[in-house]
Structures are given as C-alpha cells and as structure tokens.
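Two complexes come next, and they have one chain in common, subunit A, joined by subunit B in the first and subunit C in the second.
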Partner chain A sequence: MADNDIALMAHLMRRAGFGAQYEELEARAARGYETAVEELLHPEDHSNGMDLDLAERCFIEWNHFIRCVPEYIAWRMINSRNQLEEKMVLFWHGILCTADSKTQSYVTSQAELDMLRRRGMGNFRDLLLEISRDPAMVYFLDNCLSHKDAINENYGRELLELFSMGVGMDGEFNYTEDDVKECARAFTGWTIANGIPGQPYGRYSAQFVYNPEDHDEGEKTFLGHTGNFNGEDIIDIICQQPATARFISRHLYSFFVADEAQVPSWMNTPPRDPDTIKLLEEEYFRSGYDIRSMLRVLFNSDAFKDARFSRIKGPIETVIGTLRLVGDWNTPKPGFESIFDEMKHMGQEILNPPSVEGWHTGKEWIDGGTLVRRINFIADYVGDVSYPGIQDIVQKLAAEGPTISPEGLVEGCLRLLGHYELADETHQMLVEHARKSGELPTNTREFPDQVGNMLQMIVATKEYLYA
Partner chain B sequence: MVTTEIAPITFQYSHTIGRQENRSGSGFFYPVAITRDADNRLYVLSRGSETPAFFPCKRVTVFTVDEELVREFGQKVPPEEADDSAPAGTFMWPTAVAVDSAGNAYVADEWLNRITIFDREGECVGKWGTLGDGDGEFNRPAGLAFDAADNLYLVDSANHRVQVFTKEGKFLSQWGGQGDGEGEFSYPWGIEIDRHGDVYVADWRNDRIQKFAPDGRFLMQFGASGQGDGEFYRPTGVAVDPEGIIYVTDFKNDRLQVFDAEGGFIAKLTGEATLSKWGRERVQLDPTIVRGRELAQGLQEREKLFHGPIAVEVDDAGRVFVVECSRQRLQVFRKQKALFGGGPL
Partner chain C sequence: MTSNKKDPVLVILQMTGAYDALNTFIPYSDPHYPDYRPVLQISPEDVLAVDDKVGFHPAMAPLKELYDEGKVAVMQGIGYPNPIRSHFRSLDIWHTAEPEKMVTDGWLGKAIRDLDPDKENILTAVNFGRGLPRALAAPGVSVASVGDLASYGVLTGIDGEEQRMDALDIFGRMYSPLIGSGAVNDYLSQTGLDALRGADILRTAPEIYSSGVEYGGSPFAQWLKNIAQVHLADFGTRVLYTGVNPGTFDTHANQNITFPKLWGDVTNAISDFYQDLKEHNANEEVVMLLFTEFGRRVKENGSGTDHGSGGVAFVIGDAVKGGLYGEYPSLEPEKLDEGDLRWNNDFRSTYATLLEQWMGLDANPVLGGTYEQFDLIK
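Here is the complex of A and B:
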C-alpha cells in the first residue's frame, strides 16, 4: 500500500478521530479513503467494538452515571471504533457549552452528551431543538429563570451569538438587540422541574418541562418575521439564515481543517478559506441542514486533504491520542483520575469549558506551562516501551532489517507515529542526534529504548503539536 | 404499602437504610455486597468511587436492621499502590463479603485478587489469594458464600467458574468454565448457598441463574435475556430464603425478581424507598435540602425506584434486603403469606 494513502488516512483519523495505531491506519486505508469516510459518517452501521458492559462492571459508577462521567466519555474516545461519533461529541461540547462547575450534576450532563452523540451528525434543526430542551442547558443559561412577565435574555442571546448565527459576518451584524429579546420571549415556558437534592441518595437527572402558563403568547417580530412564535418557530427561522450556514461551516472548518480566528472576531475577520466555507454553506442548505452531509463534503475536499499539520491539537486530543497510540486504557484498571488532571493542566477539562464561549483554540492552547505539561505527558508515554503500541513500533522497525540507519530510524519513527512531517532543520537535528549512535542493530536489548528515545525527541518538536 | 401482590406471597415494604456517605460513618458509597452474621447484623461492602481519589470511601459497614451503626472496617488503597504490596486490610475494587460461623468477615477484591479476613472486631487478621487460572488461583473474584461447614465458595468470575476453599484458603474443588451450556458461566457474579447446601450462581452475562448441588453437579437453570417477567439484564445477586424462594437482583433492569424453588416467576419489585433514618439525619442538618425536597416535583415517585439493585440478602424473619449501588442505600421488604389463597367465596 502506498505511503501516501496511509499518510492521508493518518490525517483523517487525527481529525475525524483521536488518531490511530499504524495497523488500524493500514486497515482503514486498504478499504479506500471514501469508504473509510463513509464508515466514520455512519456509526449506526458499525459496531463500536467496545465491551461497555464489562467496563461498567469495573467502573460501577457508570450504572446510572451519577458519578465518573468524564471517565466514561474518555473511555469511549479511547476505545470506540466509531471515532468520528465521539469526536462530534467533543465538537458540539465545545460549542453548545454547559459546565459542570455550575450544573453540578454529572447525571444530567451525561444525558446531554448522549444527546450530542445521538444528534451530532444529524439535522442541525433537531440538534438546536434538543439543546434548547436540554435540562443542563436550560439551567446553565438561566432559561428556567426567564418568565413571560420578566424575561431573562441569557439563553436567547447565546442561542444566536454562540450556538447558531454568530454576532455578525462580512462586517455586518446578524441580528439586533430586539431580536435577542424577542427570541427570549419565544422561549419563555421552556423550563425544568425542581431537582431532587443530591443528599441523601445522590443526584437525579434534571427534567425539562414546558410550562404553557409561563409562555409569552404575544406577537413577536424576529429577524423580520412576525407571528406568535414559540421556540420551535425561532429555531426554524434561525436555521434559514445564511449566517447560520456560515457559522456552522466556520466551526466545522476550524475544528476539522485548520485553526481559524477565535469566534468573537468572526464578524470582521473573513474565513481563512472562503471557497471551502462556501462549499459547506451550500451543502448546509442543499441537504436541509444535515451535518453529516457537510462533513462528507468536508472530508472529501482537497482543502481538507491538503491541510495536514495546520491545527494545533487540543489537550483532550493530545491525551486521548497518546493513549490510543500507546495502547493504554483498553481494559479497565484503577487510576483513571490522573488522565483528567493531565487534560486540565494542559488547559481543557472535560465538562468544564471556561465559559459558554467554549475553549479558545489554536495557539491559545499553548503557553509555557501547558507546553511543558503536554510534552512531558506524551514523552513519558512514548518512551515507555512496555506499552503495546510502542512495542509494535519497535517490532515494525526491527522487522525492516538487522540494522537501521540514523536516517531510517528518524523516518521510521515519524512514519509509525502517523506520517509526521518535520521542518528540514528539525529533521536534520534528529538525524544528527541519531548519528551519534550510528547504524543500530535491531535485535539488541537496547534497541527498544533507542526507539523510545527517538520517539520522545519527535514528540517534543514544535511540529508534533500539530495535527 | 404493598408493592407487588401475587397470591399467596406478598411483599410489604418495610423501610430504607443508608445514605450517601463518601468518607465513613452512617452510610454507604457504591455498596455492592451484603451479608449478615449470626446476630442478624448486616454487613454492607462499599466499593467506593474511582474519583476523586481522596475519598476514603471503601469499607465494610456493620449495622443493625434498625439502622444502628455498629462498626466499620477496611480502607482504600490509592490506585498507584494497588498491587501485591497493598497493605493488609485495604481494598481497591472490593466485590463481596461473607461471614463465617465464628463471625470473621471475608472480603474479596477483584483488582488485588485477594481475600482479606477481618475478625469480629474488624481487625484485619489475614489475607490470601493468587492471580491465575490454576486450582486455587483466581482472576477477579466476585461472589463469596460460606456453607454450613465453613467452606468458602468463591465465584472466580474471569475464569468463569466456582471454586471451593477452606476458610484458611486451601483449595478443595472447582467447577465451571466459559460458555453458555449447563454448568458453564460467562462472568458469573453473585452466589448463594441454601439450607440444603445447594449453590445458586448469578450467571451475569448469560442472564440466568444456575443451581448446583454442593459438589457442583448441575441441577437447574432459569432466566433468559430480556425485560419480561423471568428475564434478566445482567443479574448480579441471588438469595434464597428458608422456604426456598429465590430472589435475584436484575441489575440493569433496575428490579428485584422473585421465583419459586423451581425457578418459576412469582413477582417483581421496582422499589418503594422512603427517607431512611440516616437519610433524615442528613437532611435535617441542612435547611436547603429540606426546602429542596419540598420543592422537588415527583420526588416520591422518582426516589422510591431501585437504581442499580446489585445484591440481596434474606433473613430468617422473612425480611429481604436489596442493596442499590447507585443510591447508596438498601430497601427492606417483608415477605408475607396471604391468609386467603384464592378461589370462590
């Protein structure tokens, strides 16, 4: 199989998933790129390959999910073969944000994330409807405090600003303050039941309730449309807007193709790749707001295929990708908590985005502290040759011959990590380093550690920050 | 309050015991197993939670049926120390507890592959166990039960078999193997020994209960995968009362099912929990909880239901104790025989 095909598959799996070991890349590439894309787009047709039943027996808190929800999400990201399905949970979790720091109810967050998994590649209108009825969201953005005689604009504002249209595009505002108020009026009565206290028996999932007595039945004018609108009508109007097509397209591009400007600047900052954004906008309308169709267009576009190493990996991608690479956490064991500490210290805590705006991405992931944390974490893992994924890399290199040249060691490690590409200068530095040991015999006791050492040097490069 | 009524046996809800207590004291944290001693004191094993790691939540709590705390013993070992060197008396993933005729408590740990023994005062007095699949070795011990001669029956779940030991840990016999045929298992879990010495095993992934003679000879099985009467979705615990009535925690169907001695379906219970004594004490400490409970819509209907019924025990007085791992409590029912058995007036 051509290296190019595997390199492209490595790119796809880093973006549409959390990376993959080399054998998985070979297997997916052998089925063809478009087939691999379709497999990712249709998790309902494929087993996720996880023995969740047995895992739940060990992680007993997954029974009813009153605790340990981050562990469950991470477990799925690490172990599901349907990688895009899990990646979409992270995608939407970073846009349709709620935070456990306010909701304090894992069981309710779990229901939300299940919904994001279920709806993540479906119709955007359905997703907006469900998130508007999602108890965690209703509580997080205070729609439960919005009443027909005293509206709270919080949800109405964020629905427009951060969940669907954005403040503006092409230098123009997308909506007015009056639209925000009218939107909030339409969502009055969309509330939750009073929750059962977490003591003495633990949390219960919150429940959405539509209270018609607290719904503002008056006439509303929203984005130029006038009528006795309820929330569903507002979402219908939102979905028809070119701004919504633009907003979703830019988010998909930024998450899957290349780092974009941060969301707050989108009104005045044109897309980095207007042609691809236009393709996605057209598909949004052509497909009737179907996210799966937009993803298909995206992954099959040249813009995507050519955009290798143009996105800085987020902390969750970094941690999960490393665990998948080395083959850790494929079976239950104690000590999961440290994984979340790592993500948190790198700047991304599952279920706790810093605000409703989600995480700022790209270069904002990196500062002195998070960089050191990130490199140390990955280097500790890839340098540990007891992990099955690292052993595979060692064995594959050893199988190439009785000795390996310094250039071969660098090239081989880059290839088996997923066809990473280094700047010439960096590449040359690694080769020079490898030359100090000269041609290496591959059957020695030292060889695994020599490979581990080279892997550690590669993951410490600037280039490895990128996906 | 009658929950289920199928003549001639009814089950009357009695009371609820426990509350969420992630450190120690009057409550549980992810309780997974129950047994009782000769004085009818109950022993509930809290497996605890993975996170946060600082919760010292793993323990055995000993208490009376009237919810008086007697003692607790055992403690958590940090994940990074959860190996063969873990100190005696510590747990990582404890699964089961059984009490011998002298009142010593035996706790199985499926991560450490260890049986730990505590005396009547809760002092750790020994441990044994070796990971493996040979005679006397085990891999992820689940249920434990003593027979009348103080032999310890151990469900060796990842080896898909039952092993019998002396209480000192000397191997006596074993039966089983992975599969779904008679006498085979798929990750079995709970175990019970009835007054005749016959052995009942919750064959977890085969969604059935199997019954064996004391020597391991297959006697009968009942159950199948599903949600209907007599069907299971991962049965975890099994208990048999002095009259041979069989109780099964149908874990992922969130119910207790009751069967006659031949495995015929009698009844199903879905929970009737109310505020326990310990629960009330906790609530009364915090006016916001009192107010929250007053405001919560549908509290009684939601709070009463089983959430993760995982283990069951019966006593000689006809009481049935159902442990709910996800609600940190147990619900107590009383079996009652109806006076009138049906037919014309």
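Here is the complex of A and C:
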C-alpha cells in the first residue's frame, strides 16, 4: 500500500477521530478512503467494538452515572471504533456548552452528552430542539428561571449568539437586542422538573417540562417574522438563516480542517477559505440542515485532504490521542482520574468548558504553562517503552533490519507516529542528535529506550503540536 | 537582568463573569434601589457604608477595611462607549482597550513592550491561571503563564540529568524561530523558548519564600500567593495577572447565595495578599486593579441579574489616594441605558492613570489616544 494512502488515513483519523495506531491506519486505508469516510459517518452500521459491560463492572459508579462521567466519555473516545461519533460529542460539547461547575449533576450531563452523540451527525434543527429541551442546558442557561412575567434572557441570547447564528456576518449584525428579548419570550415555559442541584439529598436526574401556564402567549416579532411564536417556531426561523449556515460551516471548518479566527471575531473576519465555507453552506440548505451530509462533503474535499498539520490539537485531543497511540486504558484499571488533571492543566476539561462560549482554540491553547504541561505529558508516555503501542513501534523498526541509520530512526519514528512532517531544520537537528549514537543495532537491550528517546524529542517539537 | 525592588508593580485581578455593580458598591439610600431589587436588595443597615449614599456589599469587609485605611479608589460608573453585553466581546474590549474594532494586541502587552523594549527580562510579566488573557498578548512580548508554580519545567520526565540537558539543548534550538514559518509558528517558538528559560527562574520562587500569612484554598487565593512569591523573589517582574475562572460572577440565578461567597473569598484573598506584602515590607511597591467585563441589569430577574453595562472597578494599594472617583450612575428610570447603569467614566482613563502615574509610561501609544486622568496616585 502506498505511504500516501496511509498518510492521508492518518490525517483523517486525527481529525475525524483521536488518531490511530499504525496497524489500524493500514487496515482502514486498505478499504479505501471513501469507504473509510462512510464507515465513520455511519456508526449505526458498525460495532463500536467496546466491551462496556466489562468496563462497567470495574467502574461500578458508571452504572448510575452519579460519578465518573468524564471517565466514561474519555473511555469511549479512547476505545470506540466509531471514532467520528465520539469526536462529534466533543465538537458539539464545545459549542452547545454546559458546565458541570454550575449544573453539578453528572447524571444530567451524561444525558446531554448521550444526546449529542445520538444527534451529533443528524439534522441541525432536531439538535437545536433537543438542546433547548435538554435539562442540563435549561438549567445551565437559566431558562427554568425565565417566566412570562419575568423574562430571563440568558438562553435566548446564547441560542442566537453562540449556538446558531453568531453575532454578525460580513460586517453586519445578525439580530438586534429586541430579537434577543423576543426569542427569550418564546422560550418561556420551557423548564425542568426535579431541579438539578440535589444537595443535600443526593442528585436526581431532571426532566424537561413544558409549562403552558408560564408561556408568554403574546405576539412576538423575531427576525422580521411576527406571530405567537413558541420555541419550535423560533428554531425554524433560525435554521432558515444564511447566518446559521455560515456559523455551522465555520465551526465545522475550524474543528476539522484548519484553525479559524476566534468565534467572536467572525462578524468582521471573513472565513480563511471562503470557497469551502460556501460548499458547506450550500450543502446545509441542499440537505435540509443535515450535519452528516456536510461532513461527507467536507471529508471528501481537497481542502480537507490538503490541510494536514494546520490545526493545533486541543488538550482533549492531545491526551486521548496519546493514550490511543501508546495503547493505554484499553482495559479498566484504577487511576484514571489523573488524566483529567492533565487535561485541565493543558486548558480543557471534559464537562467544564470555561464558559458558555466554549474553549478558545488554535494558538490560544498554547501559552507557557499549557505548552510545558502538554509536552511533558506526551513525552512521559512515549518514553515509556512498556506501553504496547510503543513496543509496536520499536518492533516495527527492529523488523526493518539488523541496524538502523540515524536518518532511518528519525524517519521511521515520524512515520509510525502517523506520518508526521517536520520543518527541514527541525528534522536535521533530530538527525544530528541521532548521529551522536551512530548506526544503531536493533537487537540490543538499549534499542527500545533509544527509540523512546527519539519519540520524546519528536513529540516535543512545534510540529507535533499540530494535527 | 536588572532588578530594582522599588520599581512599581501592577497586579491585575480579573473578576470574570461580570459582577453586579449595583450590589457590589451599593447606592443604598437611593429610593429606586429597593424597587429594582425586591429580592436581591441589601438592607441599608447591612451595607458597609462609606458615606450616606454608597457602600460595599457586606461580604466585602476585608476590602472595606483597606478602604477605611485610605488605600482603595472606587472607580464608579466605569464602562466604555456602546456597551456590549457579551462576556467574550466585552472582556476583549477591556483587554485591548479598543471598543470600536477587534484588535489582537493587549493593552498590557504593549505596556510590557515599553517596560522592557530590549526583552532583557522574560519575567517582566507573569500570568497565573488557565490560559493567557489577551490583555497580556502582543507580538514579541513574552509572558510566563503558570498554572502551578511548584511543578513548572520543560521535559521534566526525561531520565538522567545529562540526557535531560541534552534534550533541553535541542529543544531550545528546535524552538528558535525559523524565517518565514508564519506568525503562529513564531508565537509557538517564542512561547517554547520563554517557557524553557522562565521555568528555571520561576521554580526558585517558592523555595525562597516564607510568610506568616495563610491564604485560602481557592485557586484565586493560591494564585495571589504565587504572585506574592514571585514579587518577593525579586525577579524584576512588573506586571502580574490573575483572576477567577470565566463565568464565575455570571449570576443570572441564585445571586443571593453565590455572590456573597465569591466576594468573601476574593476580598479575603486580597487582604491576605496585602498583609503578606506588608509582612515583607513590600506593600508600597504594588498597586492592584480589580475589574470585571460589564455591570449587570439594574432590574433583577427574580433570582439573579442579566447582562448589563456600567460597572465599578477598584484600584488598591498604599500608593493610591483612596476615595470615590467618577460618578455613581443615576438610578432614575429615564436615565438608565436600556435598563442598565449609564457609564460616565471611560475605563481607559483608569488605564491611563495607572500607566503614567504609577508605571511611569507614556499612556498615549499604549491606549492609542489621550484620556483624562484621575489624580489618584500619591
């Protein structure tokens, strides 16, 4: 099989998933790129390959989702073969944000993330409806406190600003302050039963309830439409807006193709690839707001295929990708919690986006503190040759011959990490570093550590910050 | 590296989430106040009054004590033109000092460039928290950003001192900027190099620090402790930045429960920090600015308050002439700005005052214009 096909598959799996070991890349590439894309797009047709029963017996807290929900989500990201399905959970979790720091109810967050998994590649209108009725969201953005005689605008505003249209497009505002108020009025009566903070009596799951008594039945004017609107009508109007097509397309592009400008600047900053955004916008309307169709167009576009190493990995991608690479956490064992501290100190915690605006991405992931944390985390893992994924890399290199040249060592490690590419200068520095040890025999006791050392140097590069 | 302990130091405390100005610094005798706040009002006898009109929220007693000692300037009615009620954009405006258009350079980033034009000290500015605030970002400006001071360092997991030194040597060269590799890569290069150099210096700060002050356990209190450690270690750091996590003060609901606890934690930490400086005879060297992105809606929503405008900020320190600055915005219904406090005090006036009168910089190039200054530094 051509190296090119595997390099492209490595790219697809870094973006549409959390990366993959070399053998998995070979297997997926052997079925052909378009087939591999369809497999990812249709998790319902393929086993996720996880033995969740076994995991649940070891992590007994999972049974009721009263604890360990980040662990459950991370477990799926690491172990599910349906990688895109899990990646879409992260995608939507960063846009349709709720934070456990406020909701304080894992059982309700769990229900939300399961919904994002179920709806993540479906129709965007259905997703907006579900998130508007999602108990964690209703509580997080205080819609349960919005009453017909005392409107709380929080959900109404964020639905427009952060979940669907964005503040503005092409230099123009997408809606007015009045639209925000009218939108909030339309969602009055959308509330929850079993309010979330269960302290001191324990946590209960909450359910969505529509309370017609508390719904503002008055006439509303929203984005130029007038009527006695309820929330569903507002969502219908939102979905028809070109701004919504633009907003979702830019988010998809930024998450899967290449880092866009930060969301708040989208009103005045044009997309970095207007042609691809236009393609996605057209597919949004053509398909009737179908996310799966937009993803199909995206993954099969040249813009995607050519965009290797143009996105800075986020912390969750970094941590999950590292665990998948080295082959850790395929079976349950104690001590999973510490990886969540790592994610947190790199700047991203599952179930705790810093605010309803989600995480800032791209270069904003990186500062002195988060960079140090990230490099140290990956280097500690890839330098530990007891991990099966690292042993595989060592054995594959050893199988190539009785000795390996400095150039061969650098090139081989880069390839087996997923066809990483370094700037010529960086590449040369690593080759020079390897030359200090000269041509290495591959059957020695030291060889695994020599490979581990090279892997540590590679994951500390600037290039490795990218996916 | 030159270090002069007497160089003025600015500490910025960002209270993210938009604290409710009306219940932070309370116009308790205004007859409209209880009308707007049937549930959330603080009774006049509980307010920590500074005069017969206004006073601090009762949970802010530690700050009130500093006020009584003449060390707190209250910046009333602070805001910016055409208030925007989005957390993101509003913080951006405070960070960039540019309300009219989106820019990327932070006001402090530019100030740091002026403080250390030849980049002699990579620790001229240090941030504590998750992620670097845009206020500190400017091309070519290095800011150390630390989540946990005790464990800061690059490739700490490489076995063997010699091997690690070798690796760090290559790391340093790999992160040297390459010509033509683009702005993002230049940024990554610089961040990597500065992290490498900064870590070795910063790590010594907790080792040489000792204090009788015990800080609280919240991240904010711990970061203030780290700020004290770094300042007292005499690295020549001039700008220190920290805050509370985004959304913390975003009290749309249950404000009566969360708000007093937040102010209690925050003002206790500030008081501890001040006492710590005092114990080390460093209290005259530091001025703090405590701010938030906007004020909240004047009329409560029954449980909390929605996004508004017109806020209040505080400048704290021995060098500060304590008292009230700006005007308290009117609560007359017809004088509100779409239901919000109408700002009368451009935040850039406070910035200009701090930059020129405290830090000794020319404020004009940093702020891109001239703003009236307050006479608030001794």
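We take it that the second predicted complex is superposed on the first by the 459 of 467 C-alpha atoms of A that agree within 3 Å, B and C clash if a C-alpha of one lies under 4 Å from a C-alpha of the other, contacts with A are read in each partner's own complex, and residues count from 1 in each chain.
Rule of thumb we're sticking to: contacts are C-beta pairs under 8 Å (C-beta built on N, C-alpha and C of every residue); 3 or more make two chains touch, one makes a residue touch a chain.
Keep in mind that what you see is a predicted model, and the values were worked out from it rather than measured.
Participant: Taking the superposition on A as described, I'd like to know which of subunit B and subunit C A:376 touches: first, second, both or neither.
Facilitator: Touch status of A:376: second partner only.
Participant: Given the touch rule stated above, what does A:194 touch, subunit B (first), subunit C (second), both, or neither?
Facilitator: In the superposed model, A:194 contacts subunit B only, not subunit C.
Participant: Among the partners subunit B and subunit C, which is in contact with a greater number of residues of subunit A?
Facilitator: C
Participant: Thinking of the overlay built on chain A, is A:133 touched by subunit B (first), by subunit C (second), by both, or by neither?
Facilitator: neither
Participant: A:335 in the overlay: touching subunit B, subunit C, both, or neither? Say first, second, both or neither.
Facilitator: First partner only.
Participant: Applying the touch criterion given at the start, work out whether A:57 contacts subunit B, subunit C, both or neither, answering first, second, both or neither.
Facilitator: first
Participant: Which residues of subunit A touch subunit C once you look at their complex with the stated criterion?
Facilitator: The touching residues are 99, 101-102, 141-142, 145-147, 150-154, 157, 161, 167, 177, 259, 263-265, 268-269, 312, 344-345, 347, 354-357, 360, 362-364, 366-373, 375-376, 379-380, 383, 423, 425-426, 429-430, 433, 453, 456-457, 460-462, 465.
Participant: Which positions of subunit B touch subunit A when the two form their complex?
Facilitator: Those residues of subunit B that touch subunit A are 19-20, 27, 30, 32, 47, 49-53, 79-80, 82, 92-93, 110-111, 187, 189, 204-205, 234, 251-252, 273, 275-276, 278-280, 282-283, 286, 288-289, 292-293, 295-299, 302-303, 307-308, 310, 325-329.
Participant: Which stretch or stretches of subunit C touch subunit A in the complex?
Facilitator: Those residues of subunit C that touch subunit A are 16-17, 85-89, 92, 101-102, 127, 130-132, 143-148, 152-159, 163, 166-167, 170-171, 173-175, 178, 181, 184-185, 187-189, 191-192, 194-195, 198-199, 245-247, 250, 252-253, 301-304, 306-307, 338.
Participant: Quick one: which bits of subunit A touch subunit B in the complex? Just the residue numbers, please.
Facilitator: Its residues touching subunit B are 53-54, 57-61, 63-64, 66-68, 71, 193-202, 204, 333-337, 340.
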